[in-house]
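Naming follows writing order (A, B and C), and every chain is counted from residue 1.
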Amino acid sequence: MTPLAKLLEAALFASARPVPTEELRGLDPESSPAAIQAALEELREHYDVDGHGVELIEIGGGWQILTRAEYTEAIERAQLASRPHRLSAAALESLAIIAYRQPIGRLEVEEIRGVNVGSVLKSLHERGLIDVVGRAEGLGRPLLYGTTPLFLEHFGLRHLEELPRADELAVALRVQSPAVVAEQAPMDEPVAAVAASSGNG
Amino acid sequence: MTPLAKLLEAALFASARPVPTEELRGLDPESSPAAIQAALEELREHYDVDGHGVELIEIGGGWQILTRAEYTEAIERAQLASRPHRLSAAALESLAIIAYRQPIGRLEVEEIRGVNVGSVLKSLHERGLIDVVGRAEGLGRPLLYGTTPLFLEHFGLRHLEELPRADELAVALRVQSPAVVAEQAPMDEPVAAVAASSGNG
Amino acid sequence: MSDAVAPYTPPADGPPPSFIVELSAFSGPLDLLLALIREEQVDIYDIPIARIAQQFVARIRTLGLNEAAEYLEMAARLLRIKAQLLLPRNEEEQWDDPRAELVRRLLEYQQMREIVDVLEKRGEERRNQFSRAWLPSQPVPPQAPLALSLSELLASVDRILRVTRQPGVHDVVARALDVPGAITIIRAVLELRERLRLTDLLNNGSEPWQVLSTVLGLLEMAKLGELRVNQPKPFADVEISRDTASEAA
């Protein structure tokens, strides 16, 4: 392997989480992005062709070395590692809504799911799958949630765009999202409109 | 690599601690201790001869894959360089209020932001961006905060008067609390105009 | 539902066990409703509300879900729609199908379930791979440098300005009350359950006219001796119970 590929391998081994591309570039400021990319390809190919128990994948906005799925059973049987628990249906539903509608407030998630989601959001937040990304305007300035890089990692996604687009789904999405982002709202927008749409949208 | 060496690589990678040889046997009950030993040697040799960024070492009766020491420095440097700390929206808002209204007490900041700011102020203080500049009169003599020279340095300002739009914010913040304004405002008049006019009075 | 499911007996007193919904095969009232629509093979754009509402009420009784406010609220909503459909219509006036909002929510919910399927599949694939677990302890790196820019600070100023300038003013649109409709719904829900809370009849999305209709309906029925209304302390949830004494009389 080239020295750069070895350096990248060391850095990826030293992290339990995907390593963002910028951080990989920071490893050797003299290497061009193209060189980094080539070294990543070299490493990936080495793992695939040479036959390793691990593989290199692009995930969660970065790169990560993961064990190959075929060894999971043996590793679990030997009790050397165990798979994380599956998320509950309630957690998955809330995550799906947040992933597509972010930034989104609790009330809107509840409106779509038809149930109270306070404790579900709390647990998703504690697990680091969602985070507070801002506050809506209007009464009480409710918190707005979005998904985290860990969410992408958990579902093996490179980025959010990898999820099927709304129009690819069988049912069309509601045209307009009622959540108003603090950062995006135009200065002169009357607040009454915001309050009305978030109240009973 | 042999299938057994690949399995061992995956297992050592996935295990949360160094793994003793006996436990590695649980991965494949049909492999003899000698076969396990041979596969470990194969893996070690592969890492050494083939030139990898990691190595297999035996320590205290267990096996582990470690990144080679020569890469440690570059990895740490890259982590540091790529992760500049950004202030949260909450911290920025509180900082802005303190910058324009100093000296100001915690309660006043909370009144403007509408949320508890205790932990935000603590972190801004730890970062050296704000400091206690005095105590207010009255009950409990609450602490008053102001910005520090480090704050000016961060924004490349010579003095506070260089902050733009001080007048605008000062006017807005002098407006009565929103609830009171709402009661006074005629229903059909744009809200922004109400706030501006009552601010000038 | 198979015969194996024992009829649910509500607990004599005390709060309902909170795990009921967790154990249920349904993740919420919309999930149950969609299942019914699929089972009955009806057109989602033309839901026979009377039939579906009846099925829904029967099912939540069987599953013991009538102790969960969310299911009860949906039952109340279905009955409300049924009542609205029964109202005589003026041919010249524009008529909004009272089912429209429910259909929109069902479609939206259905789409979310498709996303859940995708997430589940991807999550399952990822679960079968392990990441590096053992990391030797490294010295704690010094605090990362602070990334701050004046434009960010000014953007915060803008946000604060916006919020302080925009108190919550609402437009008020008068809407006729429907007290008889509310009474019909309350009666139907009381049929289902002996005692309930005001919040079971209403939800976050209830409009003021619906809240007022329900409250007036409750007061009317209390006057008629059909139910008792009780609020243990100020701001506590309003409790409603069937007036069994007058029923017996």
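Assorted remarks:
Assume a residue touches a chain if its C-beta (ideal position, glycine included) is under 8 Å from a C-beta of that chain, and two chains touch if they have at least 3 such contacts.
A quick note: this is a predicted structure, and the numbers were derived from the prediction, not measured.
When every chain is reduced to the mean of its C-alpha atoms, the one closest to the centre of the whole protein set is A. Farthest chain from chain A (centres taken as the mean of C-alpha atoms): C. Per-chain CA centroids place chain B at a distance of 36 Å from chain C. Chain B has its Cα centroid 17 Å from the Cα centroid of chain A.
Mean C-alpha positions place chain A and chain C at a centre distance of 29 Å. Of all residues in chain A, those touching 2 or more other chains are 13-14, 65, 67-68, 75, 81, 141, 182, 187, 190-192, listed in ascending order. Taken residue by residue, chain C touches two or more other chains at 130-133, 155, 159, 161, 163, 166-169, 171, whereas all remaining positions touch fewer.
Chain A makes touch with chain B in their complex at residues 1, 5-11, 13-14, 20, 22-28, 50-54, 65, 67-68, 71, 74-75, 77-81, 134-135, 140-141, 182, 187-188, 190-192.
Those residues of chain A whose C-beta lies close enough to touch chain C in the complex are 13-17, 64-69, 72, 75, 81, 83-84, 86-87, 89-90, 92-93, 95-97, 99-100, 107, 110-116, 137-139, 141, 153-157, 163-164, 166, 169-174, 182-183, 185, 187, 190-192, 195-196, 199-200.
Looking at the complex, you find that chain C touches chain B at residues 130-134, 136, 138, 141-150, 152-157, 159-161, 163-169, 171-172. For chain C in complex with chain A, the residues that touch the partner chain are 21, 27-30, 70, 74, 104-105, 107-116, 118-120, 122-133, 135, 155, 158-159, 161-163, 166-171, 204-205, 207.
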